[in-house]
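Just so it is clear, A, B and C label the chains in written order, and each chain counts residues from 1 on its own.
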Amino acid sequence: MGRIVLDQVNKSFDGVEVIPPLDLTIEDGEFTVFVGPSGCGKSTLLRLIAGLEDVTGGQIHIDGKDSTQLAPAKRKLAMVFQSYALYPHMSVRNNIAFPLKMAKLGRDKINSKVMAAAEVLNLTDYLERRPGLLSGGQRQRVAIGRAIVREPKAFLFDEPLSNLDAALRVEMRLEIGELHKRLATTMVYVTHDQVEAMTMADRIVVLKAGNIEQVGSPLELYSKPKNVFVAGFIGSPSMNLLEGPEAVKLGAKTIGIRPEHLSISDQEGVWSGIIGVSEHLGSDTFFHVKCDAFPEPITVRASGEVSLHYGEKVFLTPNHAHLHLFSDDGLRIA
Amino acid sequence: MARSNSMQLKMLTTVAAWSIGLMIFFPILWTILTSFKTEAQAIASPPLFLNFDWTLENYQVVQERSNYMRFLWNSVFIAGGSTLLGVLIAVPAAWSMAFVPSKRTKDILLWMLSTKMLPAVGVLYPLYLIFIELGVLDTRLGLIVVLMLINLPIIVWMLYTYFKEIPGEILEAARMDGATLKSEIFYVLMPMAVPGIASTILLNVILAWNEAFWTLNLTAAKAAPLTAFIASYSSPEGLFYAKLSAASTMAIAPILILGWFSQKQLVRGLTFGAVK
Amino acid sequence: MSTNASRSAARVMMAPAVILLLGWMLVPLTMTFWFSFRKFLPMRGGDLGFAGFDNYVRFLTSSSFWPAVQTTLIIVISVLVITVVLGILLAMLLDQPMWGQGIVRILVIAPFFVMPTVSALLWKNMFMDPVNGLFAHLFKAFGAEPVIWLTDAALPSIIMIVSWQWLPFATLILLTARQSLDSEQMEAAEMDGAPLLKRFWFIVLPHLGRAITVVILIQTIFILSTFAEIFVTTSGAFDTRTLTYLIFQRITDSQNIGLGSAGGVYAIILANIVALFLMRIVGKNLDA
């Protein structure tokens, strides 16, 4: 139903190309996340799909239909905005009912649909309130409610959680995930937060400067990053990317090793170094180790509480099965 | 000590400000007072301040003798009509400028404002000719159109500055929700901009109500509004202070009240947003 | 950040306003321009043909032109000085803590809402009338001879009336600008030991600079076209004939359309020069 195909889609603003020609297929029912640093074109790409911007070239097919020239109102997509974009002069009820009114549905039908959505989103008690009186999380849910009543072909989310505090963000993340499982509708979700991308997505599209760097499942991206950029972007804390003679020894320009794939010991190991700052999270401890072999400090994860201290001499050993090698042009060496 | 000092200072500024305020307001106050006097009391020497026999007679006389109601209606029609017509034309234009800005938007806005700067007297005769040609001389319709055109730049400008404060995402949300352009403007934009639209209307009613070049030069008996009605009192045979005062009070009272409500928005509207 | 569809919708939506204003500007202007080159006397033969620059030369060389320019300048400059200086002082005063600030504000603003014909009439009759006016009573009370204001001191009288109308405007705008001054900046200056007068001179006045410019430009445009106040009080007699009024008389009284139109073109040029400066300031503000 909600299969979205981008065919050589590109976009320029005033002659400046922000998105070079790009092909992408989002399968029906899939939860796809566009992720990348700010300015990578992910929001623009979403707005192109929504029809809020014109493509400069290429075609967009939604549900098998060429929608390139279709007005946003006609694409049967629903969008949740970063600022929620609720109508401040309407009650929650009327906010949710608005798309149904625009579709000229009957009053009874509107009512039952609004009630059903409110039920799902725990908004039943707030239906008569204005959005201004709601908390951030509630506003977010109203925005989602407004999107689901339309029964769209696909949902578009534009950084919907970035205005929420950390705790609420985790909660809403789960709620949206839950919603996707239940509705099984295509969702396209834009975020700059790779944790959100990793936890929610079926498939992640990593963007940089308008280019697709890699498309794949979270685990694919994690275990087989195509290039240095994806390697450094996905995973938290990020992968150690190391250059120098040690890398050359392994036949690469850059070697990458995740903090969890290094073991630390005060006795013996491959690379020696001095412990800098350490972060104790209880379940894990992160050490920042300044090694003699590399100019950059290396982050290492140790399980649980490890009693090593600032300034102590330690040894690091990489797990060779999880060593990533990258060539001169930053691409993965198979 | 500092406290009592600041109290004294406050007292002092209060007295000074009130004295100056009353001085500035005095001509209006005096007019209102005189309107309740008899003609004899109005020119009594020394002048009577409050100790006179209050009477409503002047208001009655002005009403009965001078067709005051007709002038009032003309004023209401012309000020209201030109403002509403202006808003009707300005809302779509302001929407375009605020939400679909282009490189030319700023130039168009400034050009619109510059038309406001044309000295009326420079185009007095052509307009007079056009009015005769179209048969709208001394009609309310003619004045409504002219005053609408005079104030259109201000209306567009004010609406533009108010619309600009509305986040574009909300209009985009409406578009995503399946709203047509018409629904987007009527159900989303305009309700959100109600305070801005209201103050735009208010200021322009005031400006149109007080306009005293075209209303004097393009009307005669039929369509003359209150500005012209009052001007007719400048002839010697019209010199009755109390009645003049009553007529003046009636002419300025509605706008004085409206004006006091709109004083906050006034600055923005009159300086085209250059002072906020 | 928009689509072709919304851009073309915007063009359509903007069209009525743009076309109307374009017509409003171009049609009468073209006609005025055309008439200014004709010998056109509606009551004495109608359009008597092309006149070249005769009207422009005649308007400039007529004995009433320079006095009219002088009168116009005196009125504009006097009113500007009075309203801006008093406006600054009033704005400073009204910004201080006091009781009943809102009411005082309302009292001060009120004259701006009085229609020009009313304010001219009430000043003319109830204050400046040599027999029954309040000023006459006041002078008599002090044993002085009442002044026949609108004859003997016509120009100052008109300046006074116009100033009374525009003082509220200047005050209101300057007060708004004064209140936008960051109070921490004033407090910092106070901590630095700057005395009141220095704080006013070096912090407040520069901050008000732009607002003052805006007040001057807007008032200039409006005061240049002062009409009703003169029409109602002196009808241009006793050296109160401004450029605007002179043109008005050429058209309505002398019925010399060609001559009046040439004057109109001069007035338009003059207003455009002022408008240019105002547009610069407004335009700058648009980017911010």
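Quick note on the criterion: a residue touches a chain if its C-beta (ideal position, glycine included) is under 8 Å from a C-beta of that chain, and two chains touch if they have at least 3 such contacts.
As the structure is a computational prediction, the values presented were derived from the model and not from experiment.
Asker: Based on which chains are in contact, what kind of graph results: line, ring, star, complete or other?
Answerer: Its topology is that of a complete graph.
Asker: Could you name the chain whose CA centroid falls nearest to the centroid of all protein CA atoms?
Answerer: B
Asker: Look at the interfaces B-C and A-C and say which one is made up of more C-beta pairs in contact.
Answerer: By the number of C-beta pairs in contact, the winner is B-C.
Asker: Indicate the whole-number Å distance between the mean C-alpha point of chain A and the mean C-alpha point of chain B.
Answerer: Taking the mean C-alpha position of each chain, the two centres sit 54 Å apart.
Asker: Which whole number of Å gives the spacing of the CA centres of chain B and chain C?
Answerer: 16
Asker: How many Å are there between the centre of chain A and the centre of chain C, using C-alpha atoms for each centre?
Answerer: 59
Asker: What are the residue numbers in chain A that touch two or more other chains?
Answerer: Within chain A, the residues that touch at least two other chains are 52, 71.
Asker: Could you list which residues of chain C touch at least two other chains?
Answerer: 1-2
Asker: List the residues on chain C that touch chain B in their complex, please.
Answerer: Counting only chain C, the residues touching chain B are 1-2, 6-7, 9-11, 13-14, 16-18, 20-21, 24-25, 27-29, 31-32, 35, 90, 93-94, 96-101, 103-127, 131-132, 134, 137, 140-141, 164, 167-169, 172-173, 176-177, 180, 210-211, 214, 218, 221, 224-225, 227-228, 231-233, 244, 247-248, 251-252, 257, 260-261, 264-265, 267-268, 270-272, 274-275, 278-279, 281-283, 285-287.
Asker: Help me check something: in the complex, which residues belonging to chain B touch chain C?
Answerer: Checking each residue of chain B against chain C gives 6, 9-10, 13-14, 16-18, 20-22, 24-25, 27-28, 30-31, 34, 43, 45-47, 89-90, 92-93, 95-97, 99-100, 102, 106, 108-110, 112-115, 117-127, 129-130, 149, 152-153, 156, 168, 181, 206, 209-210, 212-213, 216-217, 226-228, 230-231, 233-234, 239, 241, 244-245, 248, 251-252, 255-256, 258-260, 263, 266-267, 270-276.
Asker: In the complex formed with chain B, which residues of chain A make contact?
Answerer: 50, 52, 71-74, 77-79, 81-83, 85-90, 98-99, 102-103, 146, 150, 156
Asker: Which residues, counting only chain B, touch chain A once they are in their complex?
Answerer: Residues in contact with chain A: 167, 169-170, 172-180, 183, 187-188, 191-192, 194.
Asker: Flag every residue of chain A that touches chain C in the complex, lowest number first.
Answerer: Interface residues on chain A, with respect to chain C: 51-54, 71.
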